[in-house]
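First chain written, first letter: the chains are A, B, C and D, and each begins at residue 1.
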Amino acid sequence: EQSQARFDALIGKDSRIEPRDWMPDAYRKTLTRQVSQHAHSEIIGMQPEANWITRAPSLKRKSILMAKVQDEAGHGLYLYSAAETLGTDRDELNDQLLTGRAKYSSIFNYPARSWADMGAIGWLVDGAAIANQVPLCRASYGPYGRAMVRVCKEESFHQRQGFEILLSLSRGSEAQKKMAQDAVNRFYEPALMMFGPPDEQSPNSKQSMAWNIKRFSNDELRQRFVGMIAEQVKVLGLTLPDPELRYDEETKQWIHKDLNWDEFMAVIKGNGPVNAQRMERRREAHREGAWVREAAAAYAAKQVQSEVA
Amino acid sequence: EQSQARFDALIGKDSRIEPRDWMPDAYRKTLTRQVSQHAHSEIIGMQPEANWITRAPSLKRKSILMAKVQDEAGHGLYLYSAAETLGTDRDELNDQLLTGRAKYSSIFNYPARSWADMGAIGWLVDGAAIANQVPLCRASYGPYGRAMVRVCKEESFHQRQGFEILLSLSRGSEAQKKMAQDAVNRFYEPALMMFGPPDEQSPNSKQSMAWNIKRFSNDELRQRFVGMIAEQVKVLGLTLPDPELRYDEETKQWIHKDLNWDEFMAVIKGNGPVNAQRMERRREAHREGAWVREAAAAYAAKQVQSEVA
Amino acid sequence: SEDVARYALTLGDDALILAQRLSHWISRAPELEEDIALGNIALDVLGHARSFLTYAGLAWDKTEDDLAYWREEDDFTSLWIVEQPNGHFGVTIIRQLIVSVFQHLLYSKLTESADETLAAICAKAVKEVDYHRDHAIQWTIRLGLGTEESAAKMRHALEILWPYVDEMFQDLELHRKLDGIAVLPSSLREAWDKEINAVLADSGLEIPKTGQAMANGRGGEHSEHLGFILAEMQVLARKHPGASW
Amino acid sequence: SEDVARYALTLGDDALILAQRLSHWISRAPELEEDIALGNIALDVLGHARSFLTYAGLAWDKTEDDLAYWREEDDFTSLWIVEQPNGHFGVTIIRQLIVSVFQHLLYSKLTESADETLAAICAKAVKEVDYHRDHAIQWTIRLGLGTEESAAKMRHALEILWPYVDEMFQDLELHRKLDGIAVLPSSLREAWDKEINAVLADSGLEIPKTGQAMANGRGGEHSEHLGFILAEMQVLARKHPGASW
């Protein structure tokens, strides 16, 4: 009772909850799910980009791309650490991913078909992620908020790099420009869906907002993002695949085309283009690496023994 | 005593020894070694060509190359069967190869670096093999001689295909012609060494000739081969990398440059460019295939059981 | 007509990519007999690819090699199932099971196509595919019933490949336009399911509970594998534009 | 001078091909920490490649990308050891052990090169390679002493990679001409042997009894692997000649 009151008070004055603080089970559970899903997304999100590292068309781009994928692995690590402070350890979280009990961002279930996708993923996918994540820097759970600060800093760097890739392509040859436009066409709608279903269909959001985890609704965040890319796409000299897109002065809202939520649900359920491939890659790495992890553990155990002896 | 006499008589009238016939241990041993080495060479010899199947520059060439490599696997099979009639089973022969106790033709320890190598291997390597093998069709051991008849027929087909590859290249662009010449340059000397050391350094040859296994000496066979390719290279519009090469009217002998027998010995000892790679590929296929062979054996055993029951 | 060519192209692309995948086994198989068997199958399938592509090329004045070596990834129309990596031997066998049972049904029907060339190509091909199908079935049974390890590997193979099954049976506008010439893929599903179910039952295996990938290879939207396959397949030809070999 | 450029090219090519190999681990490592570690190493090594290639290119008015993407296989000068496949994690670790101990000795000496640019590149690189070396050594010990299985895998890794050791230490005319600028590879052998022997002893491993491959990567005669590596690395750049990225 007293604990709950103290928790409510902290939330009430928009203070931070720390690992040692009491928190309601539902809060812990919600956060564990959200933070670990976020971590999983970073890890699975390495794959579409890793797909182009060996084929990057210049050494500079190769280097930038490698650094970016590294950063994502790093984000995965911070976020798993943040999730662990909530009482679930990393092996269990990893197991949830590998067995399909945990989700990750459905955008990564689309294939990276061309080099331009490295641009579109940076600009649109990281862009959407940032729009989602900047408010999370103020999330009520301390370790999560602090991890997000670090993540957001790097993500905005990544977004700019993605933008630059697209800019170089759109200023390049006809073939390059076509490649860029095609990538934007493919990632636009999935990126808009990254904010989740429309508010009226998003029942969990309210509780998360009450707990100061979520600060803005799905549609609010989507609005901000659409507004931002609608401006940036002009600089790129490309177009968004949305003839209906316009700013409505009356409602002060961006009007965009209807999004294909059936596809979204299908992808979440495992029927996206590369869900199976992404999961199998993760499982394969885990399976093939088992002997290495076992050996490292055995060696560590022997070291401890010999120190004791 | 009587058996030996009968064997000697058969050899004496140049008849065939068959598996059921008595034969001296040394004859059996020599033949087992020779036939199985020959089989191993077919198997290892698949690798340099398999290296280019996925990259063959036209579908027709890809098809011909695949068929050729298939044929080599087939030759391996006949030859293992012939060797088995001498009393050593295939698993043991395979084990000899994988553990390095058995040798294979050292030519296959040179890498196939370019598409033109598919031509040079066909023309020079298969050409040398044929020169070696045609007399073996009359080898005193029946199953070996008969296997060689079949092998030689297909090999001469392969040699012509190799010649055609080089001809197309030498009539092609400058880059293609250069590729062809480079391949011939690299394979000429190793091909000449396929006949083995000069006669005065080849102590085993005498016994093999007495047994009607070998019909011509190493140098005799080398002479024939050099004479043949010296003519054919003109049709190709290429040159052999041997400025000393000429036919000496007085001795009726082809004079060729000194061959690098130090390199030959080094390659035989395992220090050629790709000995390690060739062996590891074979071992890897064996290792990775173990579960398949075990499952097939287990299934076969269950079938037998259920038939008995 | 150009539609027939586009249809032949889809059949040719499936065969070409599958042959490319299969040919990688040559010199790497679990036993020598399988080097030969998989190589023969690859060679047959490459032969089918060549026939289909040659026929397709007539409509655009292109050779089989123009089509194989000089198209870009999004011009290829192969199904995702044939693009999937070889994996271990069991994965290759399950891929062969899925594809060769499909091709056997398809080519059988196409022998009655109103397009005589297609009918003739398929009349020849179907006999070979019948052997491929038998090869895959026999190995599926052997590995499904062999050892615990082999059964586990086969279950795993089914799981990773099953998501690419539905794509094979998708009807396209192209199929509908070619009434009497093409076969509607969906019309093969029932027979395919029946045959696969029977083989899996005989093998102690089951249809896995996986999702289905949104695959659209026919529309030029490919798995992430195809780019790598083509890079390797085309590298030499493309270094020598216009060359004869 | 052109000789210095040719020397820098050899160092750059080794690093470039090694980075290409290592980068394939990213998203496939045995644990997340190793995705990061191997990725960092790959990134460092790619950085070294870029410095060496940029410097080499000055002599021929070429950029790093001209050299990386537009040379043919026989213009590359990489050693066979860096071209060897990643294999399992233990193979990659042993390859790293062999190469990073070598590079550490080499770059250390090159910090005193009379060529100031080379000295400066190496002064930066050697610090990073020191970490790569430590990473490889720690894993060699851990896997050598870990489990029976890991020890067996490490012995196997040593066996398949050892044939490419001697090539690293071959002195070329080029090295001799660049007295005071280049390091004679043979001069590093003793220190390398000593260090490797010590690591293997600490790991319960031994130098395997294998032959030495007649490798001549410096002369443009490469292992059969390089063609595949380059096909993949160069495919996109070559589809767009003259493009900026």
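A few remarks follow.
As a working rule, a residue touches a chain if its C-beta (ideal position, glycine included) is under 8 Å from a C-beta of that chain, and two chains touch if they have at least 3 such contacts.
Quick caveat, the model's predicted, so the values are computed rather than measured.
Of all chains, the one whose CA centroid is most distant from that of chain B is A. One simple way to say how far apart two chains are is to compare their mean CA positions; for chain B and chain C this gives 35 Å.
Averaged C-alpha coordinates put the centre of chain C at 40 Å from the centre of chain D.
Multi-chain contact residues, meaning those touching two or more other chains, occur in chain B at positions 55. Chain C has residues 227, 231-232, 235 in contact with two or more other chains. Because contacts link the chains in a way that matches no line, ring, star or complete pattern, their graph is best described as other.
Pairs of chains that satisfy the touch definition comprise A-C, A-D, B-C, B-D, C-D.
Chain contact summary for the complex, chain D toward chain A: residues 16, 20, 23-24, 26-36, 39-40, 42-43, 46-47, 49-50, 53, 64-65, 68-69, 88-90, 141-143, 145-147, 149-150, 153, 232-233, 235-237, 239-240, 242-245. Residue ranges on chain D touching chain C, taken from their complex, read 227-228, 231-232, 235, 238.
On chain C, the positions that touch chain A within their shared complex are 73-74, 160, 163, 210-215, 221-224, 227, 231. Per the touch definition, chain A reaches chain D in the complex via residues 43, 46-47, 50, 53-63, 66-67, 69-70, 73-74, 76-77, 80, 115, 165, 168-169, 171-173, 175-176, 281, 284-285, 288-299, 302.
Remark: chain B residues 48, 51, 55, 111-113, 263, 266-267, 269-277, 280 touch chain D in the complex.
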